[in-house]
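As written, the chains take the letters A, B, C, D, E and F, and residue 1 is the first residue of each chain.
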Amino acid sequence: MKSAINDNQSRFERGLANLKKIDGEAGEKVIEGLKQIAPDLARYTIEYPFGDIYNRPGLDLRSREISTIAALTAMGNAEPQLKVHIQAGLNVGLTKEEIVEIIIQMSVYAGFPAALNGIKAAKEVFEKKQCEK
Amino acid sequence: MKSAINDNQSRFERGLANLKKIDGEAGEKVIEGLKQIAPDLARYTIEYPFGDIYNRPGLDLRSREISTIAALTAMGNAEPQLKVHIQAGLNVGLTKEEIVEIIIQMSVYAGFPAALNGIKAAKEVFEKKQCEK
Amino acid sequence: MKSAINDNQSRFERGLANLKKIDGEAGEKVIEGLKQIAPDLARYTIEYPFGDIYNRPGLDLRSREISTIAALTAMGNAEPQLKVHIQAGLNVGLTKEEIVEIIIQMSVYAGFPAALNGIKAAKEVFEKKQCEK
Amino acid sequence: MKSAINDNQSRFERGLANLKKIDGEAGEKVIEGLKQIAPDLARYTIEYPFGDIYNRPGLDLRSREISTIAALTAMGNAEPQLKVHIQAGLNVGLTKEEIVEIIIQMSVYAGFPAALNGIKAAKEVFEKKQCEK
Amino acid sequence: MKSAINDNQSRFERGLANLKKIDGEAGEKVIEGLKQIAPDLARYTIEYPFGDIYNRPGLDLRSREISTIAALTAMGNAEPQLKVHIQAGLNVGLTKEEIVEIIIQMSVYAGFPAALNGIKAAKEVFEKKQCEK
Amino acid sequence: MKSAINDNQSRFERGLANLKKIDGEAGEKVIEGLKQIAPDLARYTIEYPFGDIYNRPGLDLRSREISTIAALTAMGNAEPQLKVHIQAGLNVGLTKEEIVEIIIQMSVYAGFPAALNGIKAAKEVFEKKQCEK
């Protein structure tokens, strides 16, 4: 039950690389925003989710982002993070249509308001992307 | 915005076929349990989630079950349905290892208790499956 | 903004009478169960919900129980209280059919698992009632 | 368990008529906003909640809106939909005082923050209505 | 199980004094905002949370605010109230560092999004305080 | 933002020591239960919550357990973990009376059902402790 080889230094570096690859600019902004008030939470966010979890071989990144978009849509109380992961979903190869499908499906498990608010978040991410082109 | 061809009869029949294919015996038990007290909720459960949503071409069944397992683990208040969909995940081709990965990842988005309780549900489904062999 | 006439004594007595009328035996059991470990929470439960809120003239008891059954079904994490209030709904004149309708409607706002678990709770309350006859 | 007579065409038409009657302009805006990004979710929102559920005879519209306002206040994560249904409550005959009562009662079941945020939503809907006169 | 001595008048007065001491200006604004639309919810908010609960001798105010900040961060759907209680935490002697620690710890129990959104709320409260100096 | 000195080996060992000290036997059982199905979640549970977070100097263990008991009571969907932490609260020096106070206070923020279910959990932990003497 021990991870012998990797020390925390490499968890952090590995996590930062994964964060940049998956979340892109939006993820880096989150980390930046934490630096003054809670730098250790920034470090943990890099180390545990991105250094440990997203680095695991048992599930591909595409499936990991499907999981995250579904969960955050269903929970309905984490809009900023949902937007970051809708963008992350696009970054790892999900199409807009697939993301919309995941969110529509949440109407079944978390109700229509959760799905409607998820679609609104997706719309804002997709339109922002459009503008930047 | 209209679905011209399929009438409700076919939504129901299509949904029942999907329910049997995806959820298997566990899904049929849910429907059976509703028959006396709320037969219309049984019908809606067949028609909307399984006749409409799981029938949509935009996302494969594997990705749909990833979404559902993630969402129900994160919500943490629907253990019977989570178990049905852990079984459904196995039915549509997810491995036990992949299901465990999805649940572990929820520790990031919904906290460790949600992940621990999700793993407990998975353990019970996996062990039941083992016994039946 | 002050309630001048009623002192706490009457809030408690009024609340206890309302609790007995609305929740019946199930409500009294809740209060009894709190006596040893948290008697003050028993007192508050009588005073605030039943002495203050359910005593207000602006909404009839029937509508109050509709509200409570809907909310507890949607929240999905308070099964014992949902059962008490399904019974309370029957006590204040809701029919079984109306209670089932309220719960089915929650599939729209909180998802199908919340509705399915709500129906299961209703089934257990209705069957218990049947047995006691 | 089958709905033989009504085909989807009529579910949609019936749902659209109910949506206009119950939610009014606010509901139509929701549908309009979905058209470009997720037209099928717009269709489902019309067909299932409004074509199927709000069309059921077992519970009057007034009681249905009580249920929805209570649930959305208690869930506390769907402010836009809560506002639409506070307006819908007024449309089907609930008074402002009754809506305020439903929300105050949620302090018992979901806590004071849920009730306070619900009242804030009601205030904004009531004031908007006032301005339009 | 009865509170014989204190009548409601004193619950209200005691609650108002506690509200001013603990929540300060932010709490008074909440009460002010309720006056026109739901004056009774203002009264209940003063009487029950502040007249009854925060007045109890069994737990010091510092521990009570730790509880509240933790709970509201974890629930993730009551940002205005979380901000009021981050300020209240400072008012009763918690340091900014301790408040940040409580919020970081919520990453374990409610997930990283809840902690990240809690830190954002804290940042806004701390910066506002800074500006007022 | 990097933790240079401690490698993962020491995070794990430090976490295991903290887990034993804080959660006691109940915590070890959780880890044991994960070993076959999700050993890595066992490791993460030791490393992140107990090796990283509970090890931080900025907040004493007593305040950390107050936070956790409050949050889990308010969330209302993690009864096994709430029980572990009610026991942990006793282990780090909270009295039964203080734990009951924290839970009663949650009636304000998460509603009476959350508080009632929290008290039920506390009762079961306290009575088990009594029996073991």
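Throughout what follows, a contact is a pair of C-beta atoms (placed from the backbone, for glycine too) under 8 Å apart; a residue touches a chain by one contact, two chains touch by 3 or more.
None of these values were measured; they are calculated from a predicted model.
Enquirer: Looking at the contacts, which chains touch subunit D and subunit E alike?
Expert: The shared contacts of subunit D and subunit E, listed by label, come to A, B, C, F.
Enquirer: Which one, C-D, C-E or D-E, has the same contacts as B-F for more than half of its contact pairs?
Expert: Selected pair, repeating B-F: D-E.
Enquirer: Looking at C-alpha means, what's the farthest chain from subunit F?
Expert: In terms of C-alpha centroids, the chain at the greatest distance from subunit F is D.
Enquirer: Select the chain at the greatest separation from subunit A, using centres from the mean of Cα atoms.
Expert: Most remote chain from subunit A, centroid-wise, comes out as C.
Enquirer: Quick check: how many Å separate the C-alpha centres of subunit A and subunit B?
Expert: The mean C-alpha positions of subunit A and subunit B differ by 23 Å.
Enquirer: Centroid from C-alpha atoms only, then distance subunit B to subunit C, rounded to Å. What do you get?
Expert: 31
Enquirer: Counting only Cα atoms for the centres, state how far subunit A is from subunit F in Å.
Expert: 27
Enquirer: Hunt down the residues of subunit B that sit against at least two other chains at once, touch-wise.
Expert: Residues 40, 44, 48-49, 56, 72, 74-78, 81, 100, 104, 106-114 of subunit B touch two or more partner chains.
Enquirer: Along subunit C, where are the residues that touch subunit E in the complex?
Expert: Its residues touching subunit E are 1-4, 6-9, 11-12, 35, 39-40, 42-44, 46, 48, 52, 56.
Enquirer: Spell out the part of subunit B that touches subunit C in their complex, as residue ranges.
Expert: Within the complex, subunit B contacts subunit C at residues 30, 33-34, 36-38, 40-41, 44-45, 48-49, 72, 75-78, 80-81.
Enquirer: Using the touch definition up top, name the residues of subunit B that touch subunit E in the complex.
Expert: Where subunit B meets subunit E, its residues are 74, 106-114.
Enquirer: Which of the residues in subunit E end up touching subunit F in this complex?
Expert: Where subunit E meets subunit F, its residues are 48-49, 53, 56, 58-59, 63-64, 66-75, 78, 81, 97-98, 100-102, 104-110.
Enquirer: Which residues, counting only subunit F, touch subunit C once they are in their complex?
Expert: 75-77, 100, 103-104, 107, 111-117, 119-120, 122-123, 126
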